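Quick one: this structure, given as structure tokens, is what I'll be asking you about.
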Amino acid sequence: MCIWESKLSGGSPLLEIVDLHVAYGRLEVVHGISLTVEPGAFTVLLGRNGAGKTTTLRAVSGLIRKRAGVVRFGGADITRASPAAILRDGLVQVLDGHRVFASLTVDDNLQVSIFGSGQSRDAATIDSIYQSFPELEERRWQPAARLSGGQQQILAVAQGLVAKPRLLILDEPSAGLAPLVVDRILKLAKSLTEQGTAILLVEQFVKKALAYADHCYIMDHGSLVGAGRPDQLQESGIIHRVYLGGEPDTATAQI
Amino acid sequence: MTMRALGSGPMQFILAALIILLPLLGGPYAVHLATLIAAYWTLIAGLNLVVGFTGQLSVGHVGLLAVGAYMFAILTARNIVGPEVALVLAGVTGGLCGLLLGLPSLRLPGFYFAMTTLAFTIIVVELAVALTDVTGGGTGVMVSAFSPPMDTQRGQYLFTAGIAGVVTLMTVLVTRSMWGRAMVSVRESEVMAASVGIPGYRVKLAVFTFSGVVAGVAGALFGALQTYITPDTFAFDLSLFFFICIIIGGKGSIIGPFIGTVVLTLLPEAVSPLAKYSHLFYGVLLLAVVLLIPGGLGALIDGPRAAKANDASPGGGLESHLAQARQAFGLGRPRDDLAAAAAGQSMTQSIASTRTLDGLDASQHSPGGSAMRTKSHGSAASLRLPHPVAAGGSLEAVGVSRSFDAVKALQDVSLTAQRGTVHGLIGPNGSGKTTLLNILSGYYAVDSGSVMLDGHNITRSPANWRPRHGIGRTFQTPRVIPELTVLDNVMAGGWSEAQATFVEALVSGPRAIRDERKLRGTALALLSGLGLRALAERPANAMTHAELRFVEIARALMHSPGFILLDEPASGLTDTEIDRLGEVIGALRRQGVGVLLVEHHTDLVFGASDVVTTLNFGRVIRTGTPDEVRADPEVRRVYLGE
Amino acid sequence: MLSVILSGIALGAIYSSVAMVYNLTYATSRVLSITAGFTFMIGGVLGAYFIDIAKLQPIVGFLATLVAGALLGLAIEFVAVRRVLERSDQHLWLLSTLAFSTIIQQVVALTWGTEPRRFPRLFKQDFGGLLDQKYWLPIGAVLLVAAMLELFLRRTIIGKLFVAVSDDTQAAVARGIPVNAVRAASYALAGTVGSLTGFAAGQLTFAYFALGFMLTLNGFIALAIGGLGSTAGALTGGLLLGLLTAFATHFFGGAFQNSISTGLLIILLLARPQGLFGVRAARMV
């Protein structure tokens, strides 16, 4: 397979997943995934619904049990670490479906996240968040349930940011959102990589995601079926094959 | 399954007779205790159907016991009727109370139901105190003995034990019938039960009423043994005792709760200085069982077989048998099978990891899977529906909208599935596919729009009505009853084909026997058609994920549906198994079944479907032939974000 | 008539407090624990024991009762809830909390006895009648607890963590919130609330082992009236049930007291399973 590219840089990877297997009861849904994320890199994980992307991400963050495999973060083995320990280590995940605490106010959503991440709960932490997201400050005392879907997603990302992540995992941040909001979130993610935070993104807007990515992996049926730089993947036609089935014709190879 | 493990035929009767006669060897005290056990067991055998088989946690059966005992005492004390007639009337009253209590409460979720039964007990005991004229109030009332020859201690014992034996036999028979499978289905998942047409509420009500009848009879037997009853006799602790006997015995077992009853009744008597600690002991025991062996004693008795099947250690007798059976089926050992992990795990892993590093494309099949591909016989060709399906006709969603809180899951969606065609339904996560499927199968109500079957409006018909009128379905995660055999699981789909009433099933009447024979034949034919015949007698919890998918399909086919709705049937299947699924879908289509296929696996959808509908954000964005849909720019935009 | 209303309100306060105990544990664990009424019963029994038998100062006995209630809550969470929640079996918690309740009840029956025992007077009060402490103590205690509870949930970080776990447990785990500890804390708080109001109402209810199941049931009826999950609902539901019980006793005599309240439950659940003020949950497959 031509699309496999060895690691982008010579340094040690920030996140390293080796032969990860995950099962729900007796049904194994992730069959030996191995991938790496470099420090400060924008990495995208693609694949259609049910391919095992969300399961992989949740296993990495310790939210579901791993059947086998090793996960290393910053060189340390975090395979058996608790979700809280992984979070405090700087591996932060924003779950899919803009999951905020609906009956708490925006401010309280941030407060409990700061508490959970073990950061100090002084005014500075929260103020810096409000500086980055003025729309959250405007609605500071409103229950999160009354925010729009886009605002909830931004709040969810902000909740992740208070933990000062070295790697921020975003699981389908665009699900159910208007295209403008999607661009906003992807740009935000890109700017984070420029400040040194690595991003691992699962996204259904393939084209948009590839525009921002440094490196890309494709999953299907719980296994990796492709990896490489976005331009390499687009040339190979594998994306079309995974998403729409059949052999790529010449027209679709341009995707 | 314990109901089978009881053995069968004359041996059973001889064993039962020996158990009944055994206490007669002892002295009066032994006979007294045995009578008490028999009276308790009469109630517990009925309650066991409610708790152990149907999964309804009633903690209030002491109320029904009290109703029966007071009824018997009052009727006989005033010489209104003879003791034997009074016994029957006690049963009738118990049944009526059960029915009246069950009518409102069996609609409620578990905790609410438990609380309502507790409330009932409190009412009964309070009334027993308050209605002094009738019940004697707090001082209680005398209970007369039965007529000769049942008035001697031994006669009374044999009478009581005989009734207990008859009730036990009834519960054994009913659990082996279609009603038994319906009860267990309701316990495991009311959603699944409804999907095969089982009216959960009616089943629960029938079972609960029966338990009321036998509780009333047990009350009379218990009262006659006590000779004097007061409201204190029926303390809530006694209800807990009944309940604990069943939980300790294990769900879905008859012998387990029986042993529980005998042991827990005798234990405080055997160690009489400790008798005052007995309720504390019951509490500790219940906690220990719930925390340590949730399956109860029944699971321990049945355990070795099921555990072995679960363990699936390579080289075991069962395992090799299953392997042979699977070869016949033409299924590869799926990657999720524990056995695969057990054998050459490290090797497979190293292969897998090298595989991800180089050519990823060709290695999609597990070793077993690719080997099986050559052996696949395409026996789906022999798959026959039990009854032919009427030609033509359609299942339609017309302008259906549905919101959950602020989320508009479906907006003005229309879709027409024709019999004899395969209709694919695709769309990104959260696009509304499963919501639409749940509306078509009756689990969700619509906000507006309608569902039409062959031109008739069926929008308001309940979920369990639809399978009986030709709409079957499967689930994203197969919902089967783990401890039943594959055959029983498939037969559970035959509710609408069975005719015997609950009472006929209790006495194993001719129609009940005929039902069993017919359902068994139908189920075996379907399993043969799917290549699963050899697995029929195996417990479902020993099956692989892929096999369960096909078992679910067989179950849905039991009532010869005109339409079958498949919810992501390919997920978790290997490529070989997906090919197999495609063959099955083709066979159904040829026999005139309309298949609605919700699926992410685009090769399967585009390959098998005549028509494909694409949803996005709860709206239809394109309906057409697979080629049209695949070439549609809007569909490509949705899928690829162009 | 005034005395009927007053005793109705006092009774209602007792039911409300048990309803609040249910709410606290339900929020963080989605478990309706049968032990709810038992924390109340323990408050009365221990209060009577500490003050009358161990001869502690009332205030010391009060504090000791609260500590014991909190410990009992922790034990319930650790033994009967935590391990059961890890399993998928839906109603296992009903069995485990029922078992735990039975154990509490039997231990009390064996050590304290099965007869209701007098609860000591807490304050010197020369006058009795309607202004007697046995009425205003439980009413005051429940109002105080309700107010404190609302403040706690809205103003303190621990309270906000309770709400976060209640809203979305999985998201809370992903945010690093120690969900197990939060759940244990909510059970400890529930145990404290139960034993506090049980202590305050001791002169009205007496220290009696059989109170547990009665209050577990009646507290649940209050919830069924007021709806699950809100303090206001617990107060309203308890008040309505208390007044109804008091008037029923006044007009028909005490003999039918429970029949009327539990009969009400059955009628109510038939008509509105989600409670008078509750919201019907969407049915999901």
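Letters A, B and C mark the chains as written, and numbering starts fresh at 1 in each.
Keep in mind that, in the parts below, a residue touches a chain if its C-beta (ideal position, glycine included) is under 8 Å from a C-beta of that chain, and two chains touch if they have at least 3 such contacts.
A quick note: this is a predicted structure, and the numbers were derived from the prediction, not measured.
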Centroid-based (C-alpha) most distant chain relative to chain A = C
Between A-C and A-B, flag the pair that has more C-beta pairs in contact.
-> A-B
Separation of mean Cα positions, chain C and chain B [Å, integer] = 35
Gap in Å, rounded to a whole number, between the CA centres of chain C and chain A = 43
Chain A and chain B: spacing of chain centres that average the CA atoms, whole Å = 40
Which residues belonging to chain C are in contact with no fewer than two other chains?
-> none
Listed in rising order, the residues of chain C that touch chain B in the complex are 32, 79-80, 83-84, 87, 89-92, 94-96, 98-103, 105-107, 109-110, 213-214, 217, 220-221, 224, 255-259, 262-263, 265-267, 269-270, 273, 282-283, 285
Residues on chain A engaged by chain B in the complex (per definition of touch) | 1, 4, 18-19, 23, 26-29, 31-34, 48-50, 67-68, 172, 175-176, 203-209, 221, 223-226, 239-240, 243-246, 252, 255
For chain C, which residues are in contact with chain A within the complex?
-> 157, 160-161, 163-164, 166-168, 170-178
Contact residues on chain B for chain C in the complex?
-> 57, 59, 104-105, 107-108, 110-112, 114-116, 118-120, 122-123, 126-127, 129-130, 191, 236, 240, 247, 276-277, 279-280, 282-284, 286-287, 290-291, 294, 404-405, 434, 438, 443-444
Would you pull the chain B residues touching chain A in the complex into a rising list?
-> 335-338, 341, 349, 352-353, 355-361, 364, 407, 428-430, 477, 544-545, 568, 571-572, 600-603, 605-606, 617, 630, 636, 639-642
